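Each remark here refers to the structure printed beneath this line.
Order as written gives the chain letters A, B, C, D and E; numbering starts at 1 within each chain.
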């Protein structure tokens, strides 16, 4: 348990720092790499939360696919690899109070509702079969739907992105 | 009803007759004639005038028949018996528990006034056939004249206040149409406007008065008489029943009296009446001397119990009616002195005479006042028509005594004689009719204990005599001047003389068909004009004998026929016993007035004539031998310098100034300030505040829009910021609430 | 382990993501900030899945990942489109329509 | 939290997986539509460029064909078909809304056909995406769990994001698409966070379960509030409620006009459908949270939408703000939906409003499309003197504007009336106050609707060109459908109300 | 009741017949102006014929009861039905609307205002007719509301398209005002519906049950209705749309506005507000009365300030409707009878005045009073007609105007039990003074316009002289019925009171007799 806790805190701190860098760095590629750190940290946290399958998916989809998309996007839009000065809005400070207010709201709610409630000690890892049973059982319809969504996204994105 | 039933059973049954029962036809005839004139008048050979004359004549016959039967009815009653009026009423419309009736209320008073109105109307219409011949709105004129008579007759025989009001207002309307008959000129139409408007101002009082009386009296009248609170008979009985709350009836009486002030040209609403002379002379004669303006007096006489109780007549040292009447007598008589316009003199004289009637009614002298309505109608109509005759045939349509008249007695003998008779009647000289009525009023005022008012009455009599003499002198004596001397028309008329232009206007059109060639010199008028004059003058002379108190009870026919005997419906009144001593006093005063005025007039006006200067000098020198003239001479200077110059003129002028500047000023000021107020209200309240609020709310809406617009900056991040911050704030608020 | 330690981590990531969305004007960076938010949601879901002992959270998280991928694809397609027409991916410059 | 034994049970359940039973009749509309969209996508590959009009025909036939199962379902004896443990429900509510989506989709196809043919569009993909989005909407009407709702939301949104940017060469269209996409993603992120919390506190994604656990004994924790607010925010974005509306005007203005019509009607309706489903099936006991929230949203939406609409010069942008403000009116009854007695009437009001609003607003766009074919302008002033050279279009536009303004006897009035009725029925000061706000706003609204009428009737033709307008047949059909619906709903409101009278879904909330 | 439902198709036919005409016109090719006019004429004649037949079938002995009642399902979900019927209060107004429409159509045959478009113009006229007639026969609040609002749009366009220079401003203002009022009114209707148990919107039902609503609730509901109706009347301070609308509207629009549309508001008070909410009515009555007399004086002052003839007539409506409202505020059957009569009379008279104003505008091309004058010389017939209407308008006894005005004043002396008598007596005196002011502005108007010599400057020299033709045939045909009605109702007011009275009595039964 303690080990898990230590792991959590280390990963959490790294994630937070990385996340902050994502939103503050002046280099688009750096931001993408910091995002990789956050996503990887998240995957690690999922493992701590006994969600192996999701963690794997996270790595595959996010780090494997989405990050590549981001990098492609960056390159296709000819962003400079180095630092750029023009990435932020002039009113970026507006984000701080908004974020803080949101955090206060969330924090208040979370503290008042969950207080010092603990997670179950004996966390058995959720098996992939269980998940698949769920997906192909009650959650079948969204799954079907998702296939059409992805098709539409692909078709649409291609049409939009291609030169003509 | 039951209350009185037992009583009347004992008494002798009253006679009635077809004419009495069908008196309601009297106003219906002119009403129908009016419609016919409007519809087909223009196509008739005499352009509708024959219908007017015919209808008035039929009304006169009906009225006379009713009069005859009424006399029989009174004769059939016993000495002390109350002669029940012949009341017929039909339901006109009802709604919400209100029953508005229509019907006739025939008693002595109404029969008397009916006959007078029908008679004068007939004569005036005949007179107008000639006077307005060729006028471009000849048909309309007769239509309006007929409708006017119809209105007046309706009012006179109305059995309830609503019908009364109807007639009253129709007269107002017709006066508007008739005064403004030559509306091409602004002055005329303004006079018409002023007349109708002033009368309408008073009418607000009538509306209020009727309303108050109705609601106060209705319960009582329904219970006791089974009639509504509009019924004149009901109101009268209620007023005398001792039932009414004194405040209510007083206010109601005052309200009604305000209407009378407006209609009868009493002080301070008399100013419209002289201006109303802008109408054609027959109109002046009919409306503003003998009929319409009498409506106010008639109202007081008709609802006498209300005023009697409400204003505490005979019960106090003076009342509103008397005060107003007395002020009117003096004020208007004084005004008559400074008029150059013959019709205006007559107009002021009318006002003054109406003041007498009011004074009489206010003082409890009901019978003399009513009798004065009767006699005054004849002689005043005669005077007006005489003035019209002069203007028509002698002074080339001018009414200016000083400039265009003088010495006409020779050229217009008939007019002159009738004028003199009527003037003497107006002055109250024995045995002319005015004496029997006016003197009675003054006598009774004194008899009822109002000595001060009697003195005012006597002063008024003096003044009346004086100004009438002045007018007569200027018109008929001395040397012809201006138009009456055969001079051509003046192109530039005085300001207050504009109506004269319009009498001209009228006949200019007629010049081709008019054979008399009036432009060539003064002459006597045609038969259509003189015959009415003669008839009227005969009546001016003789009508007084119908109630000739000096000759004893048996001569007081009118009192017998007209005055209601004391009953539940009529207050108890006493009559002053006639005494020659008192009568001679007033006669002396009248003669003094005539004499003084004559002397002054002859001196004054003769002197002013430059052609007579030499003559005057000679008279002055020769006067040593003529005591009478010499005396006149000395007095002349005295009067001229002391009385006339220092008293009469200043007083009269002051009165006139007061009239023109203060009263009229107040009226005009009121009108102006109302106009200004309305302008201000419109500009500032309506357009700025009320409308402004609306328009500003639109502006406000738009500025809200402008304030909200920056949120729509077009920048995604800002949109995002808004989205997240709104969500955050909402979450925070609701989280805090629910924690 | 406390439930709240995960939840707060998620909340912090969420708020950082919110800040990023507001602060950034580069479209790609904005999409990255959104990924932060979506990940915080996933952490939440999995935490609750563990806490509640149900697998619905896992399924939900998987769907979110899939949809997020689709969204990023569409988003980058749009970004490219914009870039082609305007030669910039600064979203602040996309304010032709406003008011 | 759970004991080991319970976990064991779960495992056993999972082990005994059985294929879920699927009621294909219930899914028939979706399946028809899915088949149609596949057909379009595939045919697009093979059809010659000159025959691409076939695709629009196929699309419209698909939509009409999908109506057939909707009708048969409506007539069938089975009132409620529940699938996947109640995660997907075909009831009258969903059928009515499916019908609305299909028919408005049909009208949008009619609106699009000439537009798409004449513009430089990717036609085949256009129809494909349009049908996809509609399919997402059909799914939304029946979704009764969080995951389905989320997926359906993205299902209908993602194609719409792209459609908004479909005029690829036009920077404004791009801008429209990007803004819509970005804000849409923000909103779904917020919504997802809320959903995660909902799942956390109730341990279920099924709405009925959530309803039973959200407010167990009158105790209501802060997380519940947070969750409900965030979820509502997600859909408030979709229905473009102020202050989550900012995307709408820009997107509406920039997107191709038929797409705007689609967004302003169908997409918005889908948002309301989700909102209604959530409120009625998941949050009936959380009314203390969403009622005030929606109250504020509604009042703000009406007011801000109105006052900003007053200032617009561009007709589509004006309609955008108008549709924001109309959204406020739809929200109105929901602000009191949790009060005793008004739940049913609030639902009726929302549904009826959506139906009538769809008919009217689509009609407006049909006229705009017809007119802009001649004027080539989006300015309101380009409508000047319309009545003099195209009286029929002028009258129709007047009818639609008047309906939007809520003037009897046109459809809009009964919609507003029922909304007010529901507010007043709550007999609460909240209801009365909002009704007053709504009343004032309905007056302000006439300011801009009247302005359009004024242009049409009272102003001269701006460029003096008064050649008559030739309206393509598809637009004529669209105009006929929408105007007939607008009139019929107004004169015989019973017809519309018949569809909106959906007691069973309201049953949960009307205690 | 069964007997009263005989011929119940009559009302529906009479109300919707104009719509048939509209459809026919719509189907007609654009250029056929003559046949459009013919259709309009025939339709309005047929409508009036149906109306007269209705009156003929009407059982005047049971004027207090609803007759020709039809009660069909309409919107059953919200418990609103197609419930129509006429009683003594509705019938005169119902017929009036038909007569006025026909006359306006006749007048328009020769006078389609600029910019033409007779097809649209006549269509709007007929739609208006349906709305007006429907309002007077509706016995269901929702139905009432629909008809009440139905007249808005046609009038909006009539002002906005065929109006004067400021027409767009005036039309929007008219519309916004009225909409504002009706929005509040609608909320009040709804509140009423729910407070009476959400059973029915039918007026008879609500009359039965409305009285039991708590007093303070009634007061608020009444407030909503008050605003809705008062805007329409219009009462001070909601009147500012009226002068603009009237001034800018084409003659036909002004006539219909004055003759019928303003009556919708007062009719609403009598038919709906008073009987359903008697307690609130009693509470409100002094304020209504107060606003009414303010309106009387204020309208008169407004008139005196005007320099435009049409605007003056418009302001006079404010004053006249003040009398009507004063009558209503007394809550006595007499007062309401007076008010109903006043409504009809005002409709006839002011409608006629607007006709005259329209003809003046057409001939002189101006309505500036200072530029007019001498009408009697140039057009004696028109001048006399104008004079007649002026006299009728200022409440001359013997003409219709008087029977609206004087009884209203009379009734204010003794308002219904429970109202403060002295307050109402003050109102009475003020109202009586209002008659004086009425005389002032009307006579002054007449004097300035009809009397005097023509001011040729008004129509720039001789070029337009030939246009100064006197009353035309079309005008005669359109006006004569109105003139006759003014006169006949003035002489035989019972024609109307007989019909009104029983129904008013029933209306007031809520006040305990």
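Worth pointing out:
By definition in this document, contacts are C-beta pairs under 8 Å (C-beta built on N, C-alpha and C of every residue); 3 or more make two chains touch, one makes a residue touch a chain.
None of these values were measured; they are calculated from a predicted model.
Listed here as common contacts of subunit A and subunit D: B, C. No other two chains have as many C-beta pairs in contact as A-C. Distances from each chain's CA mean to the overall CA mean are smallest for chain E.
When every chain is reduced to the mean of its CA atoms, the largest separation from subunit A belongs to B. A straight line joining the Cα centres of subunit A and subunit E is 70 Å long.
Here the CA centre of subunit C is 25 Å from the CA centre of subunit D. Centre-to-centre separation of subunit B and subunit C, using mean CA positions: 97 Å.
Subunit A and subunit C have centres, each the mean of its CA atoms, that are 7 Å apart. Shared contact sites, meaning residues of subunit B that touch two or more other chains, fall at 709, 712, 714-718, 720-721, 724, 727, 731, 735-736, 739. Those residues of subunit D in touch with two or more other chains are numbered 1-2, 7, 10, 14, 147, 150-151, 154, 158, 162, 165, 168, 177-179, 182, 186, 197, 221-222, 224-226, 249-250, 308, 311, 447.
Residue numbers of subunit A whose C-beta contacts span two or more other chains: 89, 91, 94-95, 98, 102, 105-106, 108-110, 112, 114, 120, 130, 134, 139, 142, 146, 149, 153, 156-157, 160. Of all possible chain pairings, those that touch are A-B, A-C, A-D, B-C, B-D, B-E, C-D, D-E.
Here subunit D touches subunit A in the complex through residues 1-2, 4, 7, 10-11, 14-15, 17-20, 22, 34, 37, 41, 83-85, 87-88, 122, 125, 128-129, 132, 135-136, 139, 145, 147-148, 150-152, 154-155, 158-159, 162, 165, 168, 177, 197, 201, 221-226, going by the rule given at the top. Chain contact summary for the complex, subunit C toward subunit B: residues 18, 21-25, 30, 91-92, 94-99. Contact residues on subunit A toward subunit C in their complex (touch as defined above): 1, 4-5, 8, 12, 15-16, 19-20, 22-24, 28, 31-32, 35, 38-39, 42, 45-46, 48-51, 53-54, 57-58, 61-62, 65-66, 69-70, 72-74, 76-79, 84, 86-89, 91-92, 94-96, 98-100, 102-103, 106-107, 110-111, 114-120, 123, 126, 130-131, 134-135, 139, 142, 146, 149-150, 153-154, 156-158, 160-161, 163. Residues of subunit B that touch subunit E in their complex: 91-98, 100, 162, 165-166, 168-170, 172-173, 176-177, 180, 183-186, 188-190, 192-193, 196-197, 200-201, 203-205, 207-208, 210-212, 214-215, 671, 674-675, 677-679, 681-683, 685-686, 690-691, 694.
On subunit B, the positions that touch subunit D within their shared complex are 698, 701-702, 704-706, 708-709, 711-712, 714, 716, 718-720, 722-724, 726-727, 730-731, 734-739.
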